[in-house]
Amino acid sequence: MPDYNVGILGATGAVGQKFIRLLQDHPWFTIAALGASSRSAEKTYREAANWIEATAMPGTVADLVVRECEPSQFTGVDFVFSGLDSSVAGDVERTFAEAGIPVISNAKNFRTDPTVPLLIPEVNPDHIEMIGSQTFTKDGSGWIITNPNCVAVPLTTSLKPLFDTYGLESVILTSMQAVSGAGYPGVPSLDIMGNVVPLISGEEPKIHEEPLKLLGSLSGGTLTHADFPVQATATRVPVINGHLLSVTVGLHKKPGSADEVKELYRNWKSPIADLDLPSAPDYPIFYYDDERYPQPRLHADAENGMRTAVGRMRSSAVLDLSYIAMAHNTVRGAAGGAILNAELLVRREYL
Amino acid sequence: MPDYNVGILGATGAVGQKFIRLLQDHPWFTIAALGASSRSAEKTYREAANWIEATAMPGTVADLVVRECEPSQFTGVDFVFSGLDSSVAGDVERTFAEAGIPVISNAKNFRTDPTVPLLIPEVNPDHIEMIGSQTFTKDGSGWIITNPNCVAVPLTTSLKPLFDTYGLESVILTSMQAVSGAGYPGVPSLDIMGNVVPLISGEEPKIHEEPLKLLGSLSGGTLTHADFPVQATATRVPVINGHLLSVTVGLHKKPGSADEVKELYRNWKSPIADLDLPSAPDYPIFYYDDERYPQPRLHADAENGMRTAVGRMRSSAVLDLSYIAMAHNTVRGAAGGAILNAELLVRREYL
Amino acid sequence: MPDYNVGILGATGAVGQKFIRLLQDHPWFTIAALGASSRSAEKTYREAANWIEATAMPGTVADLVVRECEPSQFTGVDFVFSGLDSSVAGDVERTFAEAGIPVISNAKNFRTDPTVPLLIPEVNPDHIEMIGSQTFTKDGSGWIITNPNCVAVPLTTSLKPLFDTYGLESVILTSMQAVSGAGYPGVPSLDIMGNVVPLISGEEPKIHEEPLKLLGSLSGGTLTHADFPVQATATRVPVINGHLLSVTVGLHKKPGSADEVKELYRNWKSPIADLDLPSAPDYPIFYYDDERYPQPRLHADAENGMRTAVGRMRSSAVLDLSYIAMAHNTVRGAAGGAILNAELLVRREYL
Amino acid sequence: MPDYNVGILGATGAVGQKFIRLLQDHPWFTIAALGASSRSAEKTYREAANWIEATAMPGTVADLVVRECEPSQFTGVDFVFSGLDSSVAGDVERTFAEAGIPVISNAKNFRTDPTVPLLIPEVNPDHIEMIGSQTFTKDGSGWIITNPNCVAVPLTTSLKPLFDTYGLESVILTSMQAVSGAGYPGVPSLDIMGNVVPLISGEEPKIHEEPLKLLGSLSGGTLTHADFPVQATATRVPVINGHLLSVTVGLHKKPGSADEVKELYRNWKSPIADLDLPSAPDYPIFYYDDERYPQPRLHADAENGMRTAVGRMRSSAVLDLSYIAMAHNTVRGAAGGAILNAELLVRREYL
């Protein structure tokens, strides 16, 4: 069984806490070091963190002394997960990579870097090879890999079978996003209780661009992005966990029927299905026949929050197909996705 | 000042209660008779109704004795508003029309009848003429007019300036609908608290069809429906009042910019602006410059709930324009719309 | 390992579904028969039930054919759990007991019967003996046992250490109850979203009376109820699961300090701690030092929803102590409590 | 008609915004100056404020230039309302009073000052006289008056008839408080959606002490506080506006019945009933016969949010009476209460 010591950067924040909770009983990865801002450094994690997860803070983590986010403080870890805020992630992650410590990042800073893989293991596992073109260190020991925006994950995962089978012409979507996506303290209750906010600042450009990189094709070490327009309206709704998307797509080849597409989803096999990764769900795409589903409160936690749920597949009178997709935004769309990325990197012997 | 005695059919239901509240201090219309099922008949309204409005039941209405929904019980009223459930509205409304009592209906039963106007005064006031082709009575004294579905109202109102200026090619929308739209008891709290339900049974076909009738052109007494595809995904969200729509449209003529379209909305003049109808808002379409707006909790009640609010107008990478529309579903989208219909009918001397 | 075939009465309702979910992987009990109203009988459970639990319907249960709630349909089960509505539970449960089938009931009908134990294993395990005085069958093979109201459970559990140590003089409480306590469809969303309803019909008398039976003393087969006044205000709040109680108590002996009482809770040992019952939590009472806790959304699910959480213990300027108690109302306060009752009955060889 | 120019200190905060909205069409008071922190000074109010009220920012106010909170900037105003945060209110309010500008404050800083009246016009209008003992200026031109904590208002108002008629022995209450009470951004949505938080830091001591000052008796210029213990548990619930209290009281004289007490409330006459103050409600105490009432979402806005609603009056098995009280926390419990204080001061010729 693989056995790694891992560090967590941004350990006191909402994403960092989720990393800690999800790694609590991980069979391969042991939390060996926690990093946060200098305000938290030198305190025990118990003192430094305002713990917001519903399960208790793991005892072994509670007693760890928080360190500053500097590579010299993280000797002895095999790699780090980064849950840093984007305001600092760029510099810190670069410093770690340059020091020869691989960085599995959830931040957006390096997502558009042409040498940094933006990775969903079930969608584009071969993009891992881009790591070879990174130049953070001479010997290649330090590198960065990122996971996508929390809407881009269920969107691109649900698009993948359509993209491969029919070719994508265009995508229009409206997202209804949970408050946990904004971190803590995040969305004020006065803004969202009994309400919908039809803007999430800075969100839509990520939804427009990340699917094109994720569905891009790698050839001779160079990634060519996919080429179709995506147009998103990102809204916030009073939901705790689970981003729900209403998606309409135009396709190059026309499916015979919506039922044909449902079968496509039901029979879809993930490219990592046989790798036996600890965090991989049995159904990375799960199609619900009940037209009332998926719903965030009922289904976001299915298979430990690692599924993309799909439902209501039907023909569209304007483009070709319409459907609903949903995934747990802070698990599949953030920390859980990063952990699955690390597991794939282990199997592929990058770690 | 016009002075009419009105009856309310379905007076104990959620829509009926909204009629009562909105008519409470109406300058033209006085509630003279209340109709409900035989279970309620012969009781005072105070006894019969489980009052759910936030303001107190009007004292004059509380003491009225509820009647059965039969024309013989409604002698002395000039016309009736119908807030009946669609399971009974068809037969009852027909009976009233045949008895020579005009029916201003909120039910869906006659909306698709080719002789019955589906009316939004600011959108298609000339459709009133269709009343002339109705045959409920020989002398034309009894007739029926309807208001649209609560999503169709803000959708079609916000489409109207685009339809007239650029021509509509296609419409894709996702609605986020308030729980009050399902009446009382309506949506169970266990279904919707902290959740989104991505299906509202029976809703989407109405959204697909009603805008085409509303934007149809009347010629020689015959209505030709507008001709463009509409594709809707209707969802329920934990909001009390106010349906919010994320709309993307394709246009025949291309606007120069989103700003041009914002100006179009700001300068749009309602065809009934000069009629001085008591329930008509000053801004039947109100464009919000703040990109975070409109929001149901903050803006559904503006101008007594009679506005359609619009915001976030921008170019779409897939079709031509995307925007947000929102209106109070049980006021503008139901009882308030019906009252405005009646006011227009008074001014046009149908009443 | 014990091995029992169990039936569930009222299997399609909210409590019945919770029984099914909690028994899904139970080491001792196998669901062998499901009973519901004649409307559901003869259908598979998949067809008959509107499944509202967040986890998927267990496959083995989905294919069971639902039966009418008659003893002749339940031959082969060792006992039944009853999640029946109180409108029918009285007659049905009696019929089963008379037919020699033990009934572990969650309904209120027999709670006040002087021969029927009202049981919380950690509070009054010895009350089981009352079964011996039941006369449903001549040979004692059929009997009934009940679990308390969902507020009475955390209330009485949290009172137990105080009752034993200091003696109770009086109890005043305000409950803030979750919507799941009203079943499905239960509380309309229009009633409770963004609101508090300060009345739960019929609830307060149960809260006043059940603690006195639970804390009663059994002597020579006769139960003498405890004797102190309880005064409750039961309110409904927009919470999914978890009833939270604000409790103030007067005591016969005065504690030295609130800290002394916190220690009492921390050191309290459950009378069933050594029985190794599968559903028994490690901490039937868990005291939270953080004054912001317990909270229903964060803590109701702790230890599979079987804990009573306590916090904010402090002196009261009016009576003696004030504190917060909280438990999962449909698990610890209903189906989970009934299952623990059955486990105790197994260990005590009543089953 | 009285005619005053008023200033608002803390104008950009949540309380300041509420002052602006409530004063928008006030018949006596015209907003002439707005004060905020130096960060906002020199900007127009439109630029400086993140407007969170549901109604539009009044146009006349939007164009006012915000000033620093210094008396020299407020020449020309007759008095100021203070919605300042308590972290700065103490110094600023003192400075204004010393400069001869009367301060009508909503902050807590001077509430316990023995020379500063803590005022609810319907409860203790005579306490105004304490102003005479203030020494901020030699000529008495500058002084401070405060309104109570938002729970203390409905609590003390509802206690007043009991205090006068029966004498109060003790009070136990649990408050369920709306999120608007914490200002903006205030309570994070992740903390309160679908949840109850059983602690509001710093709130309970105010609830314990303020009623005793409010019900104190003034004799020879000296205030003797009332003398009975109050014990509060303050909780936060997912409600927008309206604090609801579950109150149990012990009385010196025993009422004949709960009905007698209901009559007492129904017949209670406010001591300011004949003064015709613009913001005074017709029913400062309104008793609801329907046991499901009052509810914050339905009743907080009654009479412009200026009522204290009472319901569920009944005998208590532990003390003497139990009941529910509720009032709009940011109107009656804050800005609206301060405005009513100012109106009384006008009528009593202190302004």
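Each chain carries a letter (A, B, C and D) given by its place in the written order, and its residues are counted from 1.
In this section, a residue touches a chain if its C-beta (ideal position, glycine included) is under 8 Å from a C-beta of that chain, and two chains touch if they have at least 3 such contacts.
Values in this document were obtained by computation on a predicted structure and should not be read as measured data.
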item: Listed chain pair A-C, B-C or C-D that repeats interface A-B [over half of contact pairs the same by residue number]; value: C-D
item: Which of C-D and A-D has more C-beta pairs touching across its chains; value: C-D
item: Distance between the centres, which are taken as Cα means, of chain D and chain B, whole angstrom; value: 40
item: Chain centre separation in whole Å, for chain D relative to chain C (CA means); value: 42
item: Rounded Å distance, chain A centre to chain D centre (Cα mean); value: 48
item: Residues of chain C engaged with two or more neighbouring chains; value: 193-194, 238, 240, 297-298
item: Residues on chain D engaged by chain A in the complex (per definition of touch); value: 52, 179-180, 184-194, 238, 240
item: Chain D contact footprint on chain B (complex, rising order); value: 54-56, 193-194, 240, 297-299, 301-302
item: Footprint of chain A on chain B - complex, ascending; value: 170-172, 174, 176, 193-199, 208, 229-231, 233, 235, 237-240, 244, 246, 248, 250, 291-298, 311-312, 316-319, 322, 324
